[in-house]
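Common to both upcoming complexes is subunit A, partnered first by subunit B, then by subunit C.
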Partner chain A sequence: MSMTSPIIETNESYLKKVEKVHKQNRIKSLLKGLLFLLPSIILFGVFVFYPLFRTIYLSFFLTDAKGATTVFVGWEHYVNMFTDPIFLKSIKNTFLFVIYTVPVTVIISLFLAVIANEKLKGIGFFRTIFSSTMGVSVAAASVFWLYLFNPTMGLLNEFLQMFELDPIGWLTDPKWALISVAVTTIWMNVGFTFLILLGGLQSIDSSLYESADIEGSSYFYKLRRITIPLLSPTLFFVITVSIINSFQTFGQIDILTQGGPANETNLIVYSIYREAFVNYQFGSASAQAVVLFIIILIMTAIQFKVGERRVHYQ
Partner chain B sequence: MSQVELINISKSYDKQKDVLDGINLTIEEGEFFVLVGPSGSGKSTLLRMIAGLEDITGGFLKIGGHTVNHLPPKDRNLSMVFQNYALYPHLTVEQNILFGLKARKVDKQEQQKRLKDAAEMLGLTDLLKRKPRELSGGQRQRVALGRSVVSHAPLCLMDEPLSNLDAKLRANMRVEIRRLQKRLGLTMIYVTHDQVEAMTMGDRIMVLNDGKIQQVGKPITLYNEPENLFVATFIGSPKMNLADAAFSEDGRFLIIENNIKIAVDSALFTNIPRNRKLKIGIRAEHLFPGMTKKENIHNVEVVNVEQLGNETMIAFEVGSELWTAKWTGQWNIQYSQRIPIQILPEYLLFFDAESGKLIQSAQEGKRQEVVSV
Partner chain C sequence: MKKLSFMLTLIAVLLLAACGGGSSDSSSGSGGQTEDGKQIVTFWHSMGGAGQDALNSIVEDFNASQDKIEVVAEYQGTYDESLTKFNAVAGTDSAPTMIQTFEIGTMSMINSGNIKPIQDLIDEDGYDMSGLEENIVNYYSLDGKFYSMPFNSSTPVMYYNKDAFAAAGLDHENPPATFEEIEEVSKKIGEANDGMKGFALQAYGWLWEQLLANQGALLLNNDNGRTGTPTEIGWTEEEGKSILNWVKRMVDDGTFANYGTNGDNMIAGFLAGDVAMFLQSSASARDVIDSADFEVGIAFLPHPGDKERQGVVIGGASLWMIDGKPEEETKAAWEFMKYLQTPEVQGKWHVGTGYFAINPEAYETDIVKEAWEEMPQLKVTVEQLQSTKSSYATQGALMDMLPEGRKIMETALETIYNGGDVDEAYETAVKQFNEAIETANRARGE
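Moving on to the complex of A and B:
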């Protein structure tokens, strides 16, 4: 007995030493990891996290014209917001706008990506054309569409006149304004969505299609059973990003309609902008921004929940 | 009828150099036919042309007596197993196997019957609900075979199906594929770069290099009577020992690499031209231990020894060439030791050094190798 005890002791002390070294190693690798993360932590901190918390803070205050807080009002901005018909309308219009733009963008892009994925001569030319709207700035695209929508000399109304139809006030008619902005947005987003989907299509192993060809599959059978399921992670990404983009639409509204007519195109981000920089109500603008943040957060969370079941990761 | 005929088939991309040129070949019904060649030889391209995945630039392809150049893959009544198995990652094993049958709208009951048969045959019954990523390499391979089996196509094409498996599994699958082919009476066209696979599986082998047929024949024929230097070195492991050789001026000796002299035996050497540059070849197993023998003994310095357990590989230099001798049994030989080796003229193969064509194969080799039972 007396012989064994010193051995046990050394064993225990050795294990303790090992434990200590392990702990030191863990701390070291944590510090190293943080060091690598530091640049993005700083950037995110300065440009995302600080403004986020500042916005939440501001939303509980009244402010002066410079944005300095004056009176603490608690939840008042939030309560007022949900009784304000203009804000409620802007929320409704934002959701409508998302419904108008996202499915159409994805379907058009998917169609273009599928046809541009064929191995044909000169397909590179079409791929460039289809993705070219990605290189057009929001301002340039909006101005360009502004001309197309022009009620007297715009191309769209000239077309209508050719078929002897009444001209439409694309941006001035409350029935059409939101649709017109949606069309512009779809046109602008198709390039990016197309490019991502094409990338997704090209990463599908061609031997899967060859094998399906030999087994006698038709074009649409392959599309339904191979292409769509294997593209689902990319589709999911594209849909998520498109929805977030649509919620945050601002540039084209500012240039095309300034939220009019009759607040029909006053989407939530534009409403925030007006509240803050036209009415100088930084407090209530911040409250609206927080609501937008929460809406997008919930939407994205729902998508991930639904997506988990529907998306096939390889 | 699933006989496959290739008549003067050629393939070129963008009217450039031919990838395949003048391929004439008939593959009999029920035959296990292996296309073997180094990478870039055009063997996969040829297989894909038979499958209909690549256009045929010139010549005619007949399957079962009908020209099928114009038919799309699905109308050629064949199945194909791909190197990477081409399994659909989002579908279960069952759905993968039934994919083609559903596409062809085969009757539901028939589908289930074929699935059951194939799953039993390949030992997949317990795996039907799994996704491909939950399977091991060998199991994925079986699923790919299963897809081929349920199609009931009489012609099966395989494109390097075993190259992603480890050595042990590969040996197992070789046997399984061979059994499956015999059992179902399939006509099989099998592409591989591995000459061991080609030798062990093929009823007949075609050796392809640089888009040209080097030789077509039974494995043993290719081994014993390679038509040219390429086949001689490509088939067999270790590869055939080669060396430059010439006759001495008085014609009494054959001199190998200015180094080894072999007395000319007129009976064996009658057909060999005396005035040409020659290459001689000899298989590793025909370089015998010379300890107890007298004639044609040459002492060489050993540069490497590999113990394989039941046999010993001894490497030594002959002029500029590295030769390997394969001796049965276990030999205790050290590096740089000098050992006697017996090189008998009746085991020599003679090639024309310029054209690489076979002049005469080993006289003794044939008699000894093929033992009829």
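Moving on to the complex of A and C:
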């Protein structure tokens, strides 16, 4: 017995030593890792996390025109928000807007990407054309559409008149305004979405198509069984980004309708802007921003839960 | 696949960067001197279009007229946008020497604590403000003290298409003056001019305020905030609804042209002969007269038939001196402000834009006399102002929540344009308006 115990002891102390070294290594690599992350931690801290916490803080106060806090009101902004018809309308319209824009954008872009993926002479020209709206800024695109929608000299109403139809108040009729803004947005987003989807299509291994050809599969069979499944990570990315973008739509609203007619196109980000920089109510604007953040967070979480299952990673 | 996911990450990062970027301002900070030793004065303004051309030429004249001061005029977008930028830089070196702000920003500028009341400079300099238009002095002096220097002032007027009036057999030298007359005339114009719409009212809160004032109604209680902090709206249900009902009747008649909140589209429609009458600031007068290929008439703002015409509130903007600048800079800006009040400059300004001259002596200058002979319409805006009866209603309201109030009324008007119910739209608007006043009072934390 007396022989074995020292051995065990040495064994234990040896294990302890090993553990110590392991621990030291872990701390070292953690520090090293943090060092590498430091630039982004600082940047995110300054430009994302600090503003985020500041926004949450502001949402519990009333403020003066400069945004300095004056009176603590607790949860009042949040409570009021959900009884405020303007805010509820802006939430409803934001969701409608997402439903109008995201599926149509993705379907049109997917169609364009599939046909532009064919190896034909001069296809580069069409690829450039299809992706060209990416190079147009929101402001320029909105002004361009503003002229198309113009009630007096707009091209769209001229067309209608050619077929002897009544002109439409594209941006002033509550039935049409949100649709008009959605059309503008779809047009603007197609370029970017198209480019990403085309990139996804081109990275699909061509040997898969060759094998399918040998088996004599039809075009649509290949599209359904090879293209779409292998494109699913890209599609998933595109849909997530499009939804977030739609929730954050601002520029085209500001230029085309300014939230009108009668708040019909007052989407949530525009409503935040107006609350903060027209009404100078930074408190309730911050509360709205927090709610928007939570909505987007939930939407994205749901997408990752539901969407990811259908995504096929190679 | 690796390549793809790398690309996606890269794009995500770029997107984030793009979203976080926002607009960067390149506008110079104020102060300092030019290379040849002139004192620089930075002047933020909100004059676009013809107004910007006229203003730039005035600034050039001023810079050329002496060799000590160099005024740098910077366009900062609309009054709303400019005020937002100013609030962001107030108290830092990037703040301008002077800024032009709209009349409803008066109260929030005073409350901001970032400005130097020009009364200080008036007293120091012994400058005489009594030469200015009486109604302007009424609006901009609070308890006898000037906080800002009046500069560009306009009133709302009714523009009308004289040719369309003639085609309908109407006397185009005798335009309609009341709500009811406008309805009648609109119907006749529609019949005679192949469905031309009779009347357009831009959904613009400022016009709502003016239509109230013209029937002697207050916007806010406590005498429009002149005798105490307002606690609720000042107009009565009858006064408020008279405007909404008037619009509603024209919408039902099919004589009303809806351009929403977009004033440019409305003017384009007028110029293209789609609509025969519209209300707008007299500041657009020169632009409209020059661009129309028909005879443009300008008339007084209409009022309900059962009320007497009270006149209009001063619209437009004034110039604010920013506090905390070196004394030489402030002095230099003051020299420029005084220059702007001279009859010659005001005459040129009036003729170039349609804003009226805040210094009545300008109407005696040759440039104005000549222009009036050529364009007698420009005179209407001056006559309308001078026949305004001075009261709390026509002095205009003072409160920091007025921009919000305007948006609320615009929503109510647009609801009516699209066939909404008058009672419902009115109740909603009044409720929101009162809530906005209440919140603004609480937010001051006094």
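Please note the rule applied: the second predicted complex is superposed on the first by the 299 of 314 C-alpha atoms of A that agree within 3 Å, B and C clash if a C-alpha of one lies under 4 Å from a C-alpha of the other, contacts with A are read in each partner's own complex, and residues count from 1 in each chain.
Just so it is clear, a residue touches a chain if its C-beta (ideal position, glycine included) is under 8 Å from a C-beta of that chain, and two chains touch if they have at least 3 such contacts.
The shown structure was predicted, so the numbers you read here are calculated from the model rather than taken from an experiment.
Novice: Clash or fit: what happens to subunit B and subunit C when subunit A is overlaid?
Specialist: They fit: once the shared chain is superposed, the two partners occupy separate space.
Novice: Based on the superposed arrangement, let me know which partner A:Ile196 touches: subunit B (first), subunit C (second), both, or neither?
Specialist: In the superposition, A:Ile196 touches subunit C alone.
Novice: Give one of first, second, both or neither to describe whether A:Pro261 is in contact with subunit B, with subunit C, with both, or with none.
Specialist: second
Novice: Name the contact category of A:Gly307: first (subunit B only), second (subunit C only), both, or neither.
Specialist: After superposition on chain A, A:Gly307 lies in contact with neither partner.
Novice: In the overlay, answer first, second, both or neither for which of subunit B and subunit C A:Pro229 touches.
Specialist: first
Novice: Counting residues of subunit A touched by each partner, does subunit B or subunit C come out ahead?
Specialist: Of the two chains, more subunit A residues are contacted by C.
Novice: Go through the superposed model and pick first if A:Tyr221 touches only subunit B, second if only subunit C, both, or neither.
Specialist: In the superposed model, A:Tyr221 contacts subunit B only, not subunit C.
Novice: After superposition on the shared chain, which partner residues are touched by A:Ser207: those of subunit B (first), subunit C (second), both, or neither?
Specialist: Touch status of A:Ser207: first partner only.
Novice: What is the contact status of A:Gly251 with respect to subunit B (first) and subunit C (second): first, second, both, or neither?
Specialist: In the superposition, A:Gly251 contacts neither subunit B nor subunit C.
Novice: After superposing the two complexes, find the smallest distance in angstrom between C-alpha atoms of subunit B and C-alpha atoms of subunit C.
Specialist: Value for subunit B versus subunit C, nearest C-alpha atoms: 12 Å.
Novice: Starting from the residues of subunit A touching subunit B, keep only those that also touch subunit C in the other complex, and list them.
Specialist: 314
Novice: Tell me, which parts of subunit B touch subunit A in their complex?
Specialist: 51-53, 72-74, 76, 78-80, 82-84, 86, 88-91, 99-100, 103-104, 133, 147, 151
Novice: Mind pulling up the subunit C residues that touch subunit A in the complex?
Specialist: On the subunit C side, the touching residues are 1, 3-5, 7-8, 11-12, 15, 19-20, 80, 84, 87, 90, 108, 111-112, 203, 258-262, 265, 268-269, 272, 274, 400-401, 403-404, 407, 410-411, 414-415, 417-418, 420, 428, 432, 436, 439, 442-445.
Novice: Touching subunit C in the complex: which residues of subunit A?
Specialist: 47-48, 62-67, 70-71, 85-86, 150-153, 169, 171-174, 196, 199-200, 203, 233-234, 237, 241, 248, 257-258, 260-263, 274, 277-281, 283, 313-314
Novice: If we count contacts the way the header does, which residues on subunit A are in touch with subunit B in the complex?
Specialist: For this pair, the touching residues of subunit A are 205, 207-208, 210-218, 221, 225-226, 229-230, 232, 312, 314.
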